[in-house]
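Pasting the structures in now, so scroll down.
Paired with chain B in one complex and with chain C in the other, chain A is shared by the two complexes that follow.
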Partner chain A sequence: MRAYTPKDNVQAKAYYTDRFYVSPQVPRHDVSSDEVFAADLETISSKFTVNESYIEVGQMVVYINASDIYGVLELVRDELSYTQLTEMSAIDWLAKDNTFEIFYQMLSMTKRKRIRIKYSIQNGQAVDSVNKLFRSADWSEREMFDMFGIEANNHPFMKRILMPYDWQGHPLLKTYPLQGDEFAAWYEVDKIYGKEARDIIGPEIRDTANIDRYDSERFARLGFEQPKGTKITGDEEPTVQTYQEDGGVFLITKFDKDASKIVDDPQR
Partner chain B sequence: MAQIKNRLTPFFENITFDREDNELVLNFGPQHPSAHGQLRLMLHLQQEQIVKAHPDVGYLHRGMEKMAENMIYNEFMPTTDRMDYIASSSNNYGFALAVERLIGLEVPRRAKVIRMMLLEINRLMSHLFWLATTALDIGAMTVFLYAFREREYLMDIIEGYCGARLTHAAIRIGGVPLDIQDDFLHQLRSFLNKLPQNIKDYEDLLDSNRIWLMRMEEVGTVSTEMALSWGCTGPMLRASGVAWDLRKEEPYELYDEVEFNVPWSDKGDNFARYRIYMEEMRESAKILYQTIEMYERCVKDGQTDLMAHAPKYISAPKLDIMTQNYSLMQHFVLVTQGMRPPVGEVYVATESPKGELGFFINSQGGPYPYRLKLRAPSFWHTGILTDLLPGHYIPDVVSIIGTTNIVFGEVDR
Partner chain C sequence: MAQHKVNYTQDGGLPVALTSIDKIVNWGRSNSLWALTYGLACCGIEMMASGASRFDFDRFGTIFRASPRQADVMIVAGTLTKKHAEFIKRLYDQMTEPRWVISMGSCANTGGMFNTYATVQGCDRIIPVDLYLPGCAPRPETLQYGVMLLQKKIRANHASKAQKAKRLM
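So, the complex of A and B:
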């Protein structure tokens, strides 16, 4: 029976994991261990619901509710001096529980601290745009939409940013294969030459290691070389290769494979 | 094979006139010599003044984040070279540091010194390249040739170290692969001795040059609020009145042991950015002199380790692999299956020549990162053009793009 490959995550997977292997966890510390973070968390939790919070690798992580994001970012910007939204994007957990996790990476230059604000949304749910608070979210949210298909409400220009406008599919989803899908393979052919040219041109080969052994125009087969354009049937004779110039070169006479003697005595 | 007729209609006119309100839409790029890559700017013009700008990126999108999810950690290292390909070691370093923080590795001192040398050489290379291309865009051909000459010396030094000129892959997770070659310090020192005079030459050509000043002063002014709101970092932010350098504020490697200044300005215009790049080159030279001394002290103290000792994640030194069975087994597993960092998340930011280069890694304990987000500074330095360009004139576009120092390998990733 063929091995079952899950369709909800088609990314590369470890081909072997020890049965008894338990991966360690990056140590998480209590927020009270850092007084700056503790005060920040106090301010946030006095106005909004905080579901979970901890310190990981020197940065505080705060889980909030999806509907609070605009208010929380406004609060941390105006009252807690986290003046820069360094980065925001999503993590795909669709295979696990049909959710996306959205993270906002904030930086305070006066405190020299970084916090990460996170929340989960259901698949298909939109997020609130924070473009009015941080202009950098304008492009981040567009990138997130492009890569995951998560829309941002109240965004002034919710369009794709890196992929073409008429692209189908969202590349960073775990269900999207690395080499691209069927649409990707025909995109340029359809666009440049039209659908009627599909038979002549064929799909775009997106596997960089692809070799077509029946194509003598572009590929040579080592040991079975044929002139360019030959129709390959597969039952070609091996090409006999000789590396000796006609008439020999200095000090070397004509090499004859049959006349040569193979030394098979290892003690010779 | 017969030619297949394509559907691309000849598009010889770059301009549309079909508007009634006198507004003209100009397509700047995606193939434009002064756009420093594949940047398409849709500019709405009233006469020569820009009323609306719409940057369009993605022409160099290779899906690095997707690739990272399908590669083991060490395999991804050469891919990071292709982000900011002007200073590729700084990308290598950002990624290596992120994984090291995730694992909790401490890198040997000698490797740290070599890394700092590489980072500062890369910063000099990047800034020289910036100066050359921006000066060329403005019309100063001489500066272009001078700056490229100096950059060539640096590329020779780097080539001697890692064998590559642009895509170095010179840093490994856990340290550096090689010690510096015999004449590295000598070459570096003789370059640094000449550098102050070279920088002075550029400044003599540019600082009081009337054309340069007219194109640079009071053009492309970014206010502090705008820079913060748009997530600007690096020279873009420092020119706008915020003295924020991650090497000083969140020191990594041995930056807390070296002395250097953080040049900043509150003008926010093109000229302020130009001055900051020039001053930063001097500061980099200062750091490099100090790293040379640090390296010599390492040699004297007999610190020879170049890679961290962590058999679970990092291969043993070559000598051990060749002589000890267990090291060889570890090495084989690490090469074929890859290291498995602990479950967790990390965001690590470093000061690349362009600004804050961040790597966000979400690891689920597997040999492949579950999610890797590349935070490239140029992405937002391109985005800010939306708000920065309106009000300026067409020739200013070129000088503003120049001083934002965007690299499209990094914008599109």
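So, the complex of A and C:
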């Protein structure tokens, strides 16, 4: 837990400095503490190499070798009744040791248990597709390719799923900037109008709170609107909201604010 | 004419109105603003509410059309993603002149809270916008007021003059 800091003067100064909450380590238990998981692990380890295993938040986590993934998932589906692949994706550990961690979240409806199969691959390495075992892996593997650039071998349609096909870069990598690289910043302008339009359309304005009240070209102060190009001094009179021109509109009844009726009964 | 003996012309009873071409063309244009249904995100819900019975856009002659060929005004209601940017340009090009664009809500105006790689930071980077509605999301009243302001803008034009086609660049 984060250390307690006194909060009697919170209005004057910001006491919160961590940008993100860093969670404490979740306790891990030995697999032998749960007999269902212990039996499952024994079945897996009798046929495949298990590098590490533990129980975390009531779910068993099993680390295997990357080349065994198809066999392990086939085993847990057919013999251990983990019939659903609820989620799969990758975790970016490139900064730590140049690897990705791939996880497969499995659910057994009969045992009412969840296990997670994990393995690590090097950067640039491809994984084996499990699309033939679980149809849900189809889009998940495409999303993994889209977001991390990890290709799945033997996948029937290994293309991007969320980003456009002509996109460059993989947005969920930790090295990818949140506001996009240069390709992302000019994507729509380059694609629709061409690169020569960059000077005319200009860069993206990322500060949405950027408002200059003395600028009458692009902004209007609500209730104090002035014609475009007027020099704003700051002591303008409030403008009256009108719905129609003073002279009235052809064939349209003139709106009279005083004659209008305000319905304030919600049960009318 | 009816078979019974009604003299429609007596006492000036024929329905005749005299006006200028400008006024009648602008009246026709401004009071039948058919809008392209363009709900991209949660602003689309408010846009649908504006068209439904409680707020009743039909009173203003604004009827939502599902085809850009039949629409006069494009109400960009919601977040415009970069993947969708080429399609908004294509739909805008398919609308017939004269055409207008209302940018509805923070996302369409500036990208709003989606300060990310995947969101267009304001749909006026792609198409020319006539009216920006603030709000997240704007109430249906705001959209109705916006349409009335757009009607005022249309009536200020001279219909007899050829209108300059709006282009972003």
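Here is the rule we use: the second predicted complex is superposed on the first by the 181 of 268 C-alpha atoms of A that agree within 3 Å, B and C clash if a C-alpha of one lies under 4 Å from a C-alpha of the other, contacts with A are read in each partner's own complex, and residues count from 1 in each chain.
The rule is simple: a contact is a pair of C-beta atoms (placed from the backbone, for glycine too) under 8 Å apart; a residue touches a chain by one contact, two chains touch by 3 or more.
Remember, predicted model here, so these are calculated numbers, not experimental data.
Participant: According to the stated criteria, A:45 is in contact with first (chain B), second (chain C), both, or neither; which is it?
Facilitator: neither
Participant: Applying the touch criterion given at the start, work out whether A:81 contacts chain B, chain C, both or neither, answering first, second, both or neither.
Facilitator: Touch status of A:81: no partner.
Participant: Considering only touches as defined above, state whether A:197 meets chain B (first), chain C (second), both or neither.
Facilitator: Both chain B and chain C are touched by A:197.
Participant: Contacts for A:251 in the overlay, against chain B (first) and chain C (second): which applies, first, second, both or neither?
Facilitator: It touches chain C, and chain B stays clear.
Participant: Using the touch definition from the top, say if A:99 reaches chain B (first), chain C (second), both or neither.
Facilitator: neither
Participant: According to the stated criteria, A:205 is in contact with first (chain B), second (chain C), both, or neither; which is it?
Facilitator: Only chain C is touched by A:205; chain B is not.
Participant: Chain A residues in contact: does chain B have more, or chain C?
Facilitator: Of chain B and chain C, more residues of chain A lie in contact with B.
Participant: In the superposed arrangement, which partner chain does A:178 touch: chain B (first), chain C (second), both, or neither?
Facilitator: In the superposed model, A:178 contacts both chain B and chain C.
Participant: For A:120, decide between first (touching chain B), second (touching chain C), both and neither.
Facilitator: A:120: touches no partner chain.
Participant: Taking the contacts chain A makes with chain B in one complex and with chain C in the other, which residues are shared?
Facilitator: On chain A, the overlap between the chain B and chain C contacts is residues 163-164, 171, 176, 178, 191-193, 197, 200-201.
Participant: Using the touch rule from the top, collect the residues of chain B that touch chain A in their complex.
Facilitator: So the residues of chain B touching chain A come out as 1, 4-8, 57-58, 61, 63, 65-67, 69-71, 101-102, 104, 226, 228-231, 242, 244, 249-250, 337, 340, 342-349, 356, 358, 360, 362-368, 370-371, 373, 375, 379-380, 383-384, 386-387, 412-413.
Participant: Spell out the part of chain A that touches chain B in their complex, as residue ranges.
Facilitator: The contact residues of chain A facing chain B are 11-17, 21, 23-26, 28, 56-57, 59, 61, 83-87, 89, 91-92, 103, 105, 109, 112, 114, 116, 134-136, 138-139, 147, 160-164, 171-172, 176, 178, 191-194, 197, 200-201, 217.
Participant: Given the complex with chain C, which residues does chain A contribute to the contact?
Facilitator: Those in contact with chain C are residues 163-164, 171, 176-181, 184, 187-189, 191-193, 197, 200-201, 204-206, 208, 222, 243-245, 249-252.
Participant: If we count contacts the way the header does, which residues on chain C are in touch with chain A in the complex?
Facilitator: Chain C residues touching chain A: 17, 19, 23-24, 26-27, 31, 82-83, 85-86, 89, 106, 110-113, 115-118, 120-122, 125-126, 134, 145, 148, 152, 155, 168-169.
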